[in-house]
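Letters A, B, C, D, E and F name the chains as they come in the text, with residue numbers starting at 1 for each one.
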Amino acid sequence: MFELGVVYRSIRRAERTAADGLGAFGSTTVHEAQGRVGLLRPYMRPIYPGARVSGTAVTVLLQPGDNWMMHVVAEQIQPGDIVVAAVTAECSDGFFGDLLATSFQARGARGLVIDGGCRDVRDLQAMGFPVWSRAISSKGTIKATLGSVNISVVCAGAYITPGDVIVADDDGVVVVPAASAPQTLAAAVQREALEADKRARFAAGVLGLDMYKMREPLEEAGLRYIDGPPPR
Amino acid sequence: MFELGVVYRSIRRAERTAADGLGAFGSTTVHEAQGRVGLLRPYMRPIYPGARVSGTAVTVLLQPGDNWMMHVVAEQIQPGDIVVAAVTAECSDGFFGDLLATSFQARGARGLVIDGGCRDVRDLQAMGFPVWSRAISSKGTIKATLGSVNISVVCAGAYITPGDVIVADDDGVVVVPAASAPQTLAAAVQREALEADKRARFAAGVLGLDMYKMREPLEEAGLRYIDGPPPR
Amino acid sequence: MFELGVVYRSIRRAERTAADGLGAFGSTTVHEAQGRVGLLRPYMRPIYPGARVSGTAVTVLLQPGDNWMMHVVAEQIQPGDIVVAAVTAECSDGFFGDLLATSFQARGARGLVIDGGCRDVRDLQAMGFPVWSRAISSKGTIKATLGSVNISVVCAGAYITPGDVIVADDDGVVVVPAASAPQTLAAAVQREALEADKRARFAAGVLGLDMYKMREPLEEAGLRYIDGPPPR
Amino acid sequence: MFELGVVYRSIRRAERTAADGLGAFGSTTVHEAQGRVGLLRPYMRPIYPGARVSGTAVTVLLQPGDNWMMHVVAEQIQPGDIVVAAVTAECSDGFFGDLLATSFQARGARGLVIDGGCRDVRDLQAMGFPVWSRAISSKGTIKATLGSVNISVVCAGAYITPGDVIVADDDGVVVVPAASAPQTLAAAVQREALEADKRARFAAGVLGLDMYKMREPLEEAGLRYIDGPPPR
Amino acid sequence: MFELGVVYRSIRRAERTAADGLGAFGSTTVHEAQGRVGLLRPYMRPIYPGARVSGTAVTVLLQPGDNWMMHVVAEQIQPGDIVVAAVTAECSDGFFGDLLATSFQARGARGLVIDGGCRDVRDLQAMGFPVWSRAISSKGTIKATLGSVNISVVCAGAYITPGDVIVADDDGVVVVPAASAPQTLAAAVQREALEADKRARFAAGVLGLDMYKMREPLEEAGLRYIDGPPPR
Amino acid sequence: MFELGVVYRSIRRAERTAADGLGAFGSTTVHEAQGRVGLLRPYMRPIYPGARVSGTAVTVLLQPGDNWMMHVVAEQIQPGDIVVAAVTAECSDGFFGDLLATSFQARGARGLVIDGGCRDVRDLQAMGFPVWSRAISSKGTIKATLGSVNISVVCAGAYITPGDVIVADDDGVVVVPAASAPQTLAAAVQREALEADKRARFAAGVLGLDMYKMREPLEEAGLRYIDGPPPR
């Protein structure tokens, strides 16, 4: 950790079936399926609505206002990867635009998660290359200082190791450790099955109070029902 | 006020014609029609664009990170209601998603206004269940601590009493007290009529300076016109 | 500068061909083409996605919560202008809505850039009148205090002189000084030509490392490649 | 509620002994003593450290950038009051400085709580007139638009009725409804007594795990102790 | 404007008597004395309380994360100057610490105003070298990219020309154009004299309502006094 | 990582001499000495000025609004430790006050670093127990949900492993990995020695331009000196 100026070329990617399969469930279900951990801070927003992807993380640590390492990480991308970019200090500059996206997409990347800014939004949407970022900004960057590629990073408050699974959509971005991706996928499948049943019952008018048998614990906790109107 | 652990079952809802009619005018016109009061803080944003609703408020006071009371408020919903959720401290967690939305919609709710986070954005848009929130987040919540239902609450800086009218659209969220909803509707109708005429005149090139007879008061206030270019 | 209560009627607008031509390139290319200066702070966002405009700035300095000068600036608009509104203190109020937009559009304005709030989003999108603002808010404003029209202003951190060129799109807002607009346009044309070539090579799988000959400077800077996996 | 342009001259202040007595306990103890409600948002900070006051609220609703009503509320101050100022929209302007403070202090006010900006910090500290505000700003305000005095207001997210008790110190600001002030004072006295005992036991090295008998519920909740080192 | 890589060696500083004299009045009085313009955004805060300075601006435009130009501006400092540092993008890095402060102080600088971060707070306070900044951060910066010295800059929302007068204290930072500094000083002297009289009358219990003869305009604006208690 | 409901009892603390020695240098020097990494986000501020501590981290992962695990971590404290508290979602609640501080201090803790809120500021200052936090808030917390103790956590954007060294003062908070603490201490000692010399030369009026031999590289980068005044 904390190592600058280094590129790791051999990372252990999460099992492909799990990495691909998790995308179908979206960030919210996956976040729940792994016990409500692994969520990046909610300031990370998609630059255009409607995208949902999953893939294996290749990571890059950038210096503020400097996107030199973006070209270094491009070479490490394999099909099915999602690039995860952390920055050593808060910075909203536009580290990434349509040229780099063309390069990343040609290498097989499915998207970018960056704790900084992004630009060329219109082009990226036209290309179908989704980005989750903390800002949108035309501000360009220089190429002067080394960061690192494929070290573990902290991105938007989450600790991400190269090879972990990233799931991102309109709700946000979740990281699943490579080792636990298969069981998280299994848990997500199971959760989704349960939810389908619950959804049908909710749609039929059943209340959560009854479905989840909450009336008794609520009463025990002291909840009181009053038939008159509330005081002003 | 300030009462925890209580559910009021009998609230006096605003007159239905007024509650429904205000929706046609949108939050901006309604806000003006009632004298520029009742607006929730502008950090409250729709989770998807284009929705416009009005309805009667059923309120719920939540604890941070805890959505237990969401199931309690579901039972109090009647067709034409909008759920208004306040939280006892700032919290961006995802208190609400597609399952609860299914339940709320089955009970007749037209939307949710929550001073916290929301998730399952894609599903909610597909269902046509609009939400105005301070955040979007996959972060789940627990069910451990009591709040209240149908007490007066402060939501995003506005004081809202159960039964008040809520009007929400892309511009934001406005609350209209139940008692004054009919006269606010009348004022909105009148305002809209005046605006149609003004709009036509503006489109024809008439200036506000002339339409509103502002030239004289501006001159009295000391406005000076200079024909040369501005100094650099 | 700092002059209140004054309207300059004669401003030197940037050469029309340059002002119109820059719009085709968008804020990011123009920002790069003029040496990475002139960008407004990235909190300035379009109120609806997809618009791209350029035009000559007419400026207005507003007082917080007061849009009186908006009617004064309307008279100074000429076809091809973009109104740039600064405020003497941070304020998210809705200074601008569909009526003023009708007036501005009738005068030939192509859009508004305002370091404050905007309302009537739905109507403005229907009219095709784009706005870049720091907030969306139904909150109305009064007409009580003088500001100025067509003085140089600071808007969202950028210094803008009346007649400068404004370029705005989904990436943000850039100002180009009137005097340098033609050479910035030339630079943008040249940059775009170079980018088309680069884009094709990136799409063909060429890496930036090779295209930009970065391998040697990276090595000189001390970048090390490690073939084993990263340490946990 | 929502009434503009009105001054209520007769408010029912909380019982004086309770209003004065609560100040000795500070905002945190009082907040706990009344069941963890009534706290203003934590962005409200003292303009200088070390002050602790309590008193009865006289309220004023201001318009953004306009402090006209501050002079109206001054006349309604009685010895032992704290002025609570809400604003109809977010605004950081300096609504209050040393002249108004001199006036308020001469009328017997003990402090000001304002959901806006304050100035003359150095003078206010020298005078010993504490202020809790959302901002410090030299920006002056005008006197053009009516607000109200002694209506119920929402200030920094809390609903405050004239005559309620305000307790403010370095931890923040709490409101106690006038009617419940005596029992809240009693609860605070009792809580403080308990805390003194606990403090002594903590100082002697007793753990909360044992003092609060938490070991069993933690085990039931599934907490596991592991003697080896944590995994990297 | 917008010129990078240039150092202007000959700037016209404001008249010394005015530059020095304004400091005695503080930012709030000076801001009022020049008509409520020239205030930097209130996020600019002193790194320690109690300092009040005035001086003539030497300006520097920095790149984010890069303090190279700080050493260039040091050479341009003359006794009585205050350094004003703008940054081309938002950045909280610590551009300035005790070593640079020692250098600036040795050259005769009275303080620093920086729209970025500062570090070595403890040392700077011990040295008596005041700084107003947007952040405090240990994060260091590099020396790789040119900015400019003594060009006009936008710092925290204000336009500042080299040689202008800067006045800074606990209330914030104000810029006074060099040309108008003498008359602003005269206005400040006059204002302070008037305030002393007002202060005495306020202290004696006179109300602003009477001192400023506000009762009639308030009544004309429609203010109503009600003797009963406010409605709940 | 990501493990909930677990307490590791055996952590490898950094070597005591290094952990203690680093405190003398402060967060800025230590941050530089280890290559400009390891800084927590600058929103982490001391609750009172002037404290400077170093120590070995014991970590705790809290749930938002829940301080149950604070009592669990207390038992794991050894003399010379600093407690580092992360939270699974953004939360400003007051997780920590004078009672817990009494307990922590009795166990030998030197301070707390918490990515949440803190209360009882006055008491903590009187006790000399420093806290660095993201907020100050009277809001209390519940004890309902498990987190973990002595797992690696992300706190304010930094990855912290139990046993790492924490250095905190008015400039912020830095983490030094346990393994590299001795060499970071050595580097800090060396850096400080160099700085003393530089400080003396700066104080004597030597410019950084000359001390660091920057004139040539600046000229090569294209810096131009102009003797006339800057253009307006």
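Quick notes on this one:
Operating definition for what follows: a contact is a pair of C-beta atoms (placed from the backbone, for glycine too) under 8 Å apart; a residue touches a chain by one contact, two chains touch by 3 or more.
Model, not experiment: these values are computed from the prediction.
Both chain C and chain D are touched by B, E.
Interface matching across C-D, A-E or D-F places the copy of A-B, with more than half of contact pairs shared by residue number, at D-F.
Between chain E and chain F, the centres computed from C-alpha atoms are 30 Å apart.
Computed from the mean C-alpha positions, the centre of chain B lies at a distance of 42 Å from the centre of chain F.
For chain B, residues that reach two or more other chains under the stated contact definition are 1, 36, 39, 42, 88-90, 92, 137, 139, 145, 152, 232.
The touch graph of these protein chains has some other shape, matching none of line, ring, star or complete. Pairs of chains in mutual contact: A-B, A-C, A-E, A-F, B-C, B-D, B-F, C-D, C-E, D-E, D-F, E-F. Interface residues of chain C facing chain B in the complex, by the touch rule stated above, are 1, 5-12, 48, 68, 70-72, 74-75, 92, 94, 97-100, 102-103, 105-107, 117, 119-122, 135-140, 143, 145-146, 150-152, 161-162.
Residues 63-66, 88-93, 137, 139, 142, 144-145, 232 of chain C are the ones touching chain D in the complex. Only residues 1-2, 4, 34-39, 41-42, 88-90, 152, 154, 157-159, 177, 180 of chain A touch chain F when the two sit together in their complex. Chain contact summary for the complex, chain D toward chain F: residues 26-28, 31-32, 36, 39, 42, 45, 49-50, 52, 169-172, 174, 195, 198-199, 202-209, 212, 214, 218, 221-232.
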